[in-house]
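Listed next: structures, encoded as structure tokens.
Note that chain A is present in both complexes that follow, paired respectively with chain B and with chain C.
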Partner chain A sequence: MAVSRTHPVLIAGKYLALLGYLSFALFPLYWLLKIALTPDQLVYSEGTSLWPSSVTLSNFSEVLFQTDFLSYFGNSLTVSLGTAALTTLIAAGAGYAFSRFHFAGKRLLIVVMLVTQMFPLLMIIAPIYKIISSLGMLNSLTSLIVVYTAFNIPFATFLMQSFFDGIPKDLEEAAMMDGCSRFQALRKVVFPLTLPGLGATLGFVFTAAWSELLFALMLISKNDAMTFPVGLLTFVSKFSVDWGQMMAAGVLALVPSCLFFIFIQRYLVQGLTSGAVKG
Partner chain B sequence: MSRIELNNVMKRYGSVEVLRDINLDIQDGEFIVLVGPSGCGKSTLLRMIAGLEPISGGDFLIDGERMNDLRPRERDIAMVFQSYALYPHMDVARNMGFSMEIRKDPVAERKSRVEAAAKTLGLSALKDRLPRALSGGQRQRVAMGRAIIREPRAFLFDEPLSNLDAALRVEMRLEIARMHQRLGATMIYVTHDQVEALTLADRIVVLNGGDIQQVGTPLDLYERPANKFVAQFIGSPTMNILPTSSQPTGLGLPNGGHLAVPAGSQIQQVSELGVRPEHIDIVTTDDGDLTGVADVVERLGSDTNIYVQVDGVGSVLVRRSGNLSVKTGDRLGLHLQRDSIHLFNSGGTRLVHGTV
Partner chain C sequence: MGRFADRRILEMESKPVSLSLAAKRLPGTSRTGHSLYWRYMVEPFLYLSPAILLIVSVLLMPLIIGISYSFQAIELLRPFNTGWVGFENFAKLWSDRKFWLALDNTFWWTFWSISFQFLLGLGLALLLNTQFYGKKLFQALVFLPWAVPTFLSALTWAWLFNPVIGPLPHWLTALGILSEPYNIMGDPDLALWGPIVANVWFGVPFFAITLLAALQSIPGELFEAAEIDGASAWQIFSKITLPFLAPMIAITVMLRTIWIANFADLIYVMTGGGPANSTQIVSSYIFTTAFRKLDFGYASAIAVALLGILLVYAVIVLWIRKKLVKI
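Presenting the complex of A and B:
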């Protein structure tokens, strides 16, 4: 029947639904920016209006120059980049092995990795604290990198495995027939084709580590090792909450995530392997 | 120079034997086609020769040198994959020259050889394209170019034409035949398409269920199939098989009919008779060995295929050249050309029947 022509009401409905979803998802971000730009004295008096009567950047300058925000920011960057790099490296290796090799205990290993994802983090936070403190690693960024890496590896491995599964085995075999060793085939043929997968995994792990609060709160108590989510809490004092500065810090914290995604998004474009096989 | 020998080669996955006692002696420059139905082990055998699949037993030699335990890169064999397996992130020129790049051959030599191969394959204008910007036939050519450039000891083809449409398949088949004539290299080609096998091969190896059924030239296989499987697999349309019994003066047919054939030494063992559709003549009902009613008539222009419902036997296909005036429902007599009848025993083995 009339498959090719969609009813205009349906199209309008579709866009309305999209619009509804977008405003719901983006409104908090808008509110974050709005409060960050609102002068302190107007936060309560004009709290519910959509745009304040005057706008200021003083919240940003205070956050940058009068608080420890830059130090938190740096710590978060170190932890997130470290975690993303380490996790992706290990996950890529494990994912390749799961995708290409048959070995004893493979199924068991996959099951065990799934099991680690089953427990709520709250259950294991105490034992983790105990382990880290016995190792004398409390208040160090390294401890966070290790813990984040451990918890992100299973998912990242499955993600990488699915990317490797998507690369035809024929390509590696063709490379080996062309004179490559398995490692050369991996480096010259598989690796360039896995860039989108590596990008996605890096992005996923980076974002997860960037916004992690629970472990950072438990394992870090010293100000100079605090990551940004923990640092945000310092804007809450005993008697008041400095909303303007907190929101300004929040806006600034979005910057690296955005930059990171702009950087990797060209690797996320799919379809790189099209044309490899079949007609 | 590359003579390939397979001596009692076998392949096992766990306790499952997929190939048994494969013995083949392939001469330098010979074009060998491995055919068989899906799952017969032909691709596995090719991958074992390539080094992509370990050999479970027996010896594989090239020019007398044992290859069993060498890695693919040490065997110096080129392979064209069914999926083409072009490197998607490299342009046509780099795809073709990749083996020389890995071998670290001089850049100038690589360029000139890529140039020459691209020219013979008609790819000169496409050298800077990525595989995704090529049609199926062009991808196939690039895959062949990649194999040619290396000047390997032998070429392997794994169903290289099965992803192409019919017209292109014929064109590329010719291309491969020309390539073999030009290079004179040893080639092993896997296909399930008997037309490719018959047209390309110097010798055909028919595989079924992990065993070699017969090795021979295309005409050998057509005229003297070793058994019922080969008889039915080679030749299109497929051979008619009729159940028969041996009688003192010839063969008995299931409808009580009698086929006068001179008694050979093995005539007592006959259980089935095979005759190709093109070896049956249409005669009057009185003169026929068999009589029946034309069921379906297919007119191909050059040939006419007539499915005849033979009384008490079943459907028999007759193929005559030209455009016959037979109509559906006509009653026909069929004469089986005596020197083209194949007799099989109950095990399916073809019997040698002296004077028949």
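Presenting the complex of A and C:
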């Protein structure tokens, strides 16, 4: 558009707006990091000043070595990676079926998948608790993985479908002409082409599973099975004035999300909207 | 979870096209020559069965069980006091002042969250649709809040509003909005704004991404033609950009509304519904009733009521959408 030819005041306004958005997005994260780095004895005297007069890593070392956060971190990593892997595998199958087959009940299945995403998930928190407790699976990471996988399958299926739709059908048809079975064609021709799609789906599901809180609170009560969000909330309610340590733990919770975010960055626009703009 | 809800629905928007395409080009006939029955009834379900199994057992069955709970008394703290009670839970709900308060809060929570998310998201999308130095890095940084885990967004904003370690109360006092630096989340009149601000922070990237993609799908020739004809920036925006975005905006806003109305995490972490239920929304009320009071029957009754309200809303939305698409 014609921004380069417009009035200098407008250009200045534009850069001011950019700066505004940037500070709004980053300031809370900066503050988190700032308090995490501020030494304990300075928190009350300079808690609200923009820069700490000295920084320390002691909050981080205390969180890592004197609390249970490493174990929470490990549990969350197990749950999120397990969910991401399982979901991606199952969703790849379902997405492939949606993309390549025309079959009885397809429309119905799509509608059911959409509906499961529209009703309040909290609605099933009580039945899920009852079912899992009657199976004797409370406080188990496996039950969390199964529940999270089911929550994420519909979204991941549609995402995978959009990636399969982007791979020309002719490729596998050619392979099948040459004598491959459909499954062989899938494994040898389609699978290598859809690796970026699998990676993006893994990333999206990981991010979602990493931040889930309410079902984890309900299903996990034992300290050694707590995921990071549950552990952090328990810590916050127990040691509500240990600001430095709480925020250091928060920064740690941010690390995996940020890594995966960098990883799925270039799929964000495509991943969140590809189906929306084609129609 | 559920940060992608809208996209799934938006996918649906494009479904008729892809379906008709799929119908024209039937799945490839392999040399082995399976029967039609195999291709239409069996093979697809080999790929689909794990997904169907999980969705039915973890989502649909509990949903039905949950609806049946709403007609029962199930309190884990009183295990002998269980059984079918008909509409007793709903009668209790009707006269529950907290429920109506939560409904009112849900409305304002959703309205303010979505308004600010949309306006700021639109602004950001328009900015990102222009050229400037360092755009890639800028885009990565402003989208970052989307990736921050919800519980952490909630805690971070709760800390920012805390006068001991957060700057916001002091800034608000300096601006004359507060009389003295206190925590607004302890003030029943203002408390809901805490979670709303956190929600706006978290949700702007989503709107920006969605709207940016829609913006980029507007044919560039339209802008060129308008420029040649001497249209002003405002004319281009109001006569080309907005009309093109309108259906997309309508659908995204309407679907996002449902998602935000259901979104209890921020409120639960930041205020727990307090003080004096002034920030309790319906979905956080469901969670508190189930998690704190372990009253599953009543929690399910609230959930069924919420589901009913959302259904009515969805029907209205679908009706409006039909009108929109016709134009």
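Brief remarks on what is shown
Keep in mind that, in the parts below, the second predicted complex is superposed on the first by the 232 of 279 C-alpha atoms of A that agree within 3 Å, B and C clash if a C-alpha of one lies under 4 Å from a C-alpha of the other, contacts with A are read in each partner's own complex, and residues count from 1 in each chain.
Methods note: a contact is a pair of C-beta atoms (placed from the backbone, for glycine too) under 8 Å apart; a residue touches a chain by one contact, two chains touch by 3 or more.
Keep in mind it's a predicted model, so treat the numbers as computed, not measured.
Once the two structures are superposed, chain B and chain C can be ranked by residues of chain A touched, with C on top. When the two structures are aligned on the shared chain, A:149 is found in touch with chain C, with no touch to chain B. In the superposition on chain A, contact is made by A:177 with both chain B and chain C.
In the superposition on chain A, A:55 contacts neither chain B nor chain C. When the shared chain is aligned, chain B comes close enough to touch A:168, but chain C does not.
Applying the stated contact rule after C-alpha superposition, one finds that A:192 touches chain B and leaves chain C untouched.
Once the two complexes are laid over each other on the shared chain, residue contacts for A:16 go to neither chain B nor chain C.
When the two complexes are overlaid on their common chain A, residue A:120 makes contact with chain C while staying clear of chain B. Contacts of A:109 after superposition on the shared chain: chain C is touched, whereas chain B is not. Overlap of the chain B and chain C interfaces on chain A: residues 173, 176-177, 179, 181, 272-279. Those residues of chain A lying in contact with chain C across their complex are 1-4, 6, 14-15, 17-18, 21-22, 24-26, 28-29, 31-32, 35, 43-44, 47-48, 50, 90-91, 93-94, 96-97, 100-104, 106-107, 109-110, 112-114, 116-131, 146-155, 157-159, 161-162, 165, 169, 172-173, 176-177, 179, 181-182, 204, 207-214, 217-218, 229, 232-233, 236, 243, 246-247, 250, 253-254, 257-258, 260-262, 265, 268-269, 271-279. By the touch criterion given at the top, residues 1-5, 7-19, 22-23, 25-28, 30-32, 39-41, 43-45, 47-48, 50-52, 54-55, 57-63, 65-66, 69, 74, 120, 123-124, 127, 129-132, 138, 140-153, 155-157, 159-160, 163-167, 170, 201, 204-206, 209-210, 212-214, 216-217, 223, 227, 233, 236, 248, 258, 262, 264-265, 268-269, 283, 286-287, 290-291, 296, 299-300, 303-304, 306-307, 310, 314 of chain C touch chain A in their complex. Remark: chain B residues 50-52, 71-73, 77-79, 81, 83-89, 98-99, 102-103, 130-136, 139, 146, 150, 163-164 touch chain A in the complex. Put simply, chain A touches chain B in their complex at residues 168, 170-171, 173-181, 184, 188-189, 192-193, 272-279.
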